[in-house]
Amino acid sequence: MSQRVAFIGVGNMGAGMAANQVKAGRAVTAFDLSSAALDKAVAAGCKPAGSVAEAVADAEVVITMLPAGKHVRQVYEHDILPNAPKGALLIDCSTIDVDSARAVGEMATGFRFGDAPVSGGIMAADAGTLAFMVGCDEADYPAFEAALTPMARVVFHAGALGSGQAAKICNNMLLGVSMLGVCESLALAEKLGLDPTRFFDIASKSSGQCWSLTSYCPWPGPVEAAPSNRGYNGGFLTALMLKDLKLAQEAAAKAGAATPMGAQAEALYQLFDGLGYGQKDFSAMLQLMRGKLDELA
Amino acid sequence: MSQRVAFIGVGNMGAGMAANQVKAGRAVTAFDLSSAALDKAVAAGCKPAGSVAEAVADAEVVITMLPAGKHVRQVYEHDILPNAPKGALLIDCSTIDVDSARAVGEMATGFRFGDAPVSGGIMAADAGTLAFMVGCDEADYPAFEAALTPMARVVFHAGALGSGQAAKICNNMLLGVSMLGVCESLALAEKLGLDPTRFFDIASKSSGQCWSLTSYCPWPGPVEAAPSNRGYNGGFLTALMLKDLKLAQEAAAKAGAATPMGAQAEALYQLFDGLGYGQKDFSAMLQLMRGKLDELA
Amino acid sequence: MSQRVAFIGVGNMGAGMAANQVKAGRAVTAFDLSSAALDKAVAAGCKPAGSVAEAVADAEVVITMLPAGKHVRQVYEHDILPNAPKGALLIDCSTIDVDSARAVGEMATGFRFGDAPVSGGIMAADAGTLAFMVGCDEADYPAFEAALTPMARVVFHAGALGSGQAAKICNNMLLGVSMLGVCESLALAEKLGLDPTRFFDIASKSSGQCWSLTSYCPWPGPVEAAPSNRGYNGGFLTALMLKDLKLAQEAAAKAGAATPMGAQAEALYQLFDGLGYGQKDFSAMLQLMRGKLDELA
Amino acid sequence: MSQRVAFIGVGNMGAGMAANQVKAGRAVTAFDLSSAALDKAVAAGCKPAGSVAEAVADAEVVITMLPAGKHVRQVYEHDILPNAPKGALLIDCSTIDVDSARAVGEMATGFRFGDAPVSGGIMAADAGTLAFMVGCDEADYPAFEAALTPMARVVFHAGALGSGQAAKICNNMLLGVSMLGVCESLALAEKLGLDPTRFFDIASKSSGQCWSLTSYCPWPGPVEAAPSNRGYNGGFLTALMLKDLKLAQEAAAKAGAATPMGAQAEALYQLFDGLGYGQKDFSAMLQLMRGKLDELA
């Protein structure tokens, strides 16, 4: 008999993730506050539920994909923990603050809870090629990995409760910093009369190499799949990068960590978002550095 | 008959480079203001010269490896250009400002001049595994490549005159920025209770991947060859990274390029250098971010 | 008959504040979790209470001076609001996040609540020369002003609920930024061979003039009362400036405000705090900029 | 008989300055590469010269007001020093790099040379209310002061040769940093629902007080004379603030001074200039922070 999965939150990301659980042969019951989202999940083979309580009532695995820490805290406290069967595997795939992840995990006595934020956007959610960073007890990790596999390109065990969120924000802070470094060096190359695509070739094989450059080049041309080749549309939105940078700064402030470059990255993405470019891919920052915002029209 | 090479400046870096020219069967005449440096070059098979003029008198290739733009300008204006045979291949391997490279190239009428700064430290100079970024006329590039090959792991043609220096500082600015991003994310991971080596494993395969992390990890352990495993000694000194970041900022200021992260990187490395850590590898910045300067004693 | 004041939190700051209420002829009932603190308040003429509930039971004015938003939320929700007489004037003088101030104010139906954080340290608290920035209804402001006057050099009405905290963190963010600007310009002057005290004289009368320079000069000498003249001890501690900068960054992140210099100031003070200088006056940052941490031993 | 003054460079700033020398009864001979500028100086009572050599031939005082260090070096080396009478008082009022000022001073053997950059714009130049910061020998200072007085609101002796330029860039770096702090705090106040003019009132009397706020408020309203009240036109142009911040960064790089906030200010003003706002007053940065560039149309 197939494993019973409750999926709470089947929006942009959750839709594809739930569909991949269905494709893996699992019996998925879905819930979303938006009936349009829920209808889409039903079309993908999920069974609809009228409430979170109903969705989780006999679930073996509960997966949540929600916007922010407060939603996760609330739905766990009021809906999931009182209604899910004890012993169920509870997986929060939302990207939220470390404190909320830990607070929910501590509330979840009698359950196996893990924080498992994802890396990768809507296309990866649809394709089942997300990366998961899981914070959970060592002993429970194989169960989390098995539950996540249908949605994943790779699953990492980051460590104990909260470590999934920590890994996500540390990685994305580094990503934000290196993307800005890439944008600035490309803009500087151009101003110095050095062909940016030639610089791409050189830096890709030198000590400046980084994923932001070699897999996601903000200069149109060198990396065909990069959003820079389609008007900086789609991809990883500035608004989402900003959200992650804020989570990183919030965590750093609470933990007493000094992150001058991370702080600067947050400020620059906030500036860019404030200028109205939140819905552009985060590599569009190149055009701010070049003083060419008109190319983002 | 073997090619005649004049090598001006056989200090820390130049010594190994000249020796590799000798090993490649070239007739190398060396000059250095330091007689100790010159003696070492002679021991490696170079013929000593009493002056730059004497060294370049019948050279087919002249290679310079000097500390800063003013030295390069001076030695070319007063010693090399008046004395080297017309048509000789003149290669400046120093890391200097773009303007000086261009000024020297423009003075060098009747010669083939190229700026060809290197990436890689003393060990790479000795081993003949440097990376060269060459700025020169397209037509002359094959000659430059052939001349540099005995000292190189790889030779890039960056573009026209000055492009070699431009490529070097753009790459190293990106390197400085990403290294700081790596240091901050490792320090944040630690404060959040996420094992930094686990973070290394995850980020190395995620969007945070960069050379600073995967080939030069500032956290001791994951990358065996990294300076972090030998007390941050050797490697790429903070003082040299700072020099390159200053060249990048100087070039950006002249060109009117906005480089907020590059500027911040320069300021942080200046702070670190000011605290007395200029002779530590540039990845030692991790310990400033961790508030653990005592680990650098 | 004298006005009845309940004072909750009579620690470093609260002690002097409560004493000044006593001196103004008010009947002050004090409470603190620390019996040592409470004893000190009693010595200054306060009547001790065994609990917050007891302290506020018949108060006309309740003043709270607590460490952080969570303490304020908790003590208001559980102790003050259920026990204070309806209509009482509730004044929170703690420096906390804007959201908590607003949340408490919204809970306080049937009361007149205001957020009234202070500017000035322990000495000003003792001397009754604090500055208060009050967020409250326009109509209630005269009552707040009258209640605060015995502790104040000046009382400002910043605007509606939450505006007191907003004014405090905006002011202190500006203070943190300008202090860093002052430290950097003094350190640069020194390196350029310009006597810092001469620079003080000039900038004090020029467009660089700011309170951080002219009233609090971090270079020993020009401003006699400044902490720089007594080893950077006392004054406004780095740890407290850091707390305020974090509140500012938290508020900016929530509000979507771009504050690149404020973010940088927070990062630099975090770095300084992480190096162990949290208990030094915030002008001690000069010594980090000069690379002279040994002068803070 | 009146004192003979040669004035080299009578453009935007120099025109008014030369006119004030005439008004003080001095015999002014002017030179400028632009004949239109020279005509204007003649209209103000100057005698025209056909060359620098002619202008300085019998001068007692030579005043230069030129765009950059290279112009100053050149005109002193080739035109002034060979032609001016020995013992003449040579005053360079240009804002240039410290090194150039010192280099020219060292060349000027047999003369009394001082660097005396100004603070204040075209209106102050016309009105004779500039501030001068003079770097010169102590013994010569009274002569410099007397020569500058007709053009000045105040004259400061900053110290030995080069100190005038050092004082200017240190002051203006501090100004740039504090202006950004003011812009950010006003933008944050607005987002937090705190009336920016109320914030102005409070901060002006608190520790956030600075000239950028109280004498030059970037928020329209509180300071009537500020450029914010006339569309950010006139005033101290972003392009000129950027020039000074670059001079400060260049000097800091050479001197090995860490100026993280100064570096950030330079980067932000470069970004703003790159977006096309170089000809707006430097307080217009407020609108970038607010994400309201359309208000600068």
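Each chain carries a letter (A, B, C and D) given by its place in the written order, and its residues are counted from 1.
Basically, a contact is a pair of C-beta atoms (placed from the backbone, for glycine too) under 8 Å apart; a residue touches a chain by one contact, two chains touch by 3 or more.
For clarity, every value in this text was computed on a predicted model and none was experimentally measured.
Student: Once you count every C-beta pair in contact for both, which comes out on top, B-D or B-C?
Tutor: More C-beta contacts join the chains of B-D.
Student: Where subunit A and subunit B touch, do the two copies share over half of their residue numbers, giving same, or under half, giving different?
Tutor: same
Student: Go ahead and note the Å separation of the Cα centroids belonging to subunit B and subunit D.
Tutor: 38
Student: For subunit B and subunit C, let me know how many angstrom lie between their CA-based centres, rounded off.
Tutor: Here the centre of subunit C sits 50 Å away from the centre of subunit B.
Student: By residue number and range, which residues of subunit C touch two or more other chains?
Tutor: 252, 256-260, 264, 268, 271, 274, 289, 291
Student: Along subunit C, where are the residues that touch subunit A in the complex?
Tutor: My answer: residues 246, 249-250, 252-253, 256-260, 263-264, 266-268, 270-271, 273-274.
Student: Under the definition above, what is the set of subunit A residues touching subunit B in their complex?
Tutor: 98, 119, 131, 133, 154, 156-160, 162-163, 166-167, 169-175, 177-178, 180-182, 184-189, 191-195, 198-199, 201-203, 205-213, 215-216, 248, 251-252, 255-262, 264-265, 268, 289, 291
Student: Show which residues of subunit A lie in contact with subunit D when the two form their complex.
Tutor: So the residues of subunit A touching subunit D come out as 260, 264, 271, 274-276, 288-291, 293.
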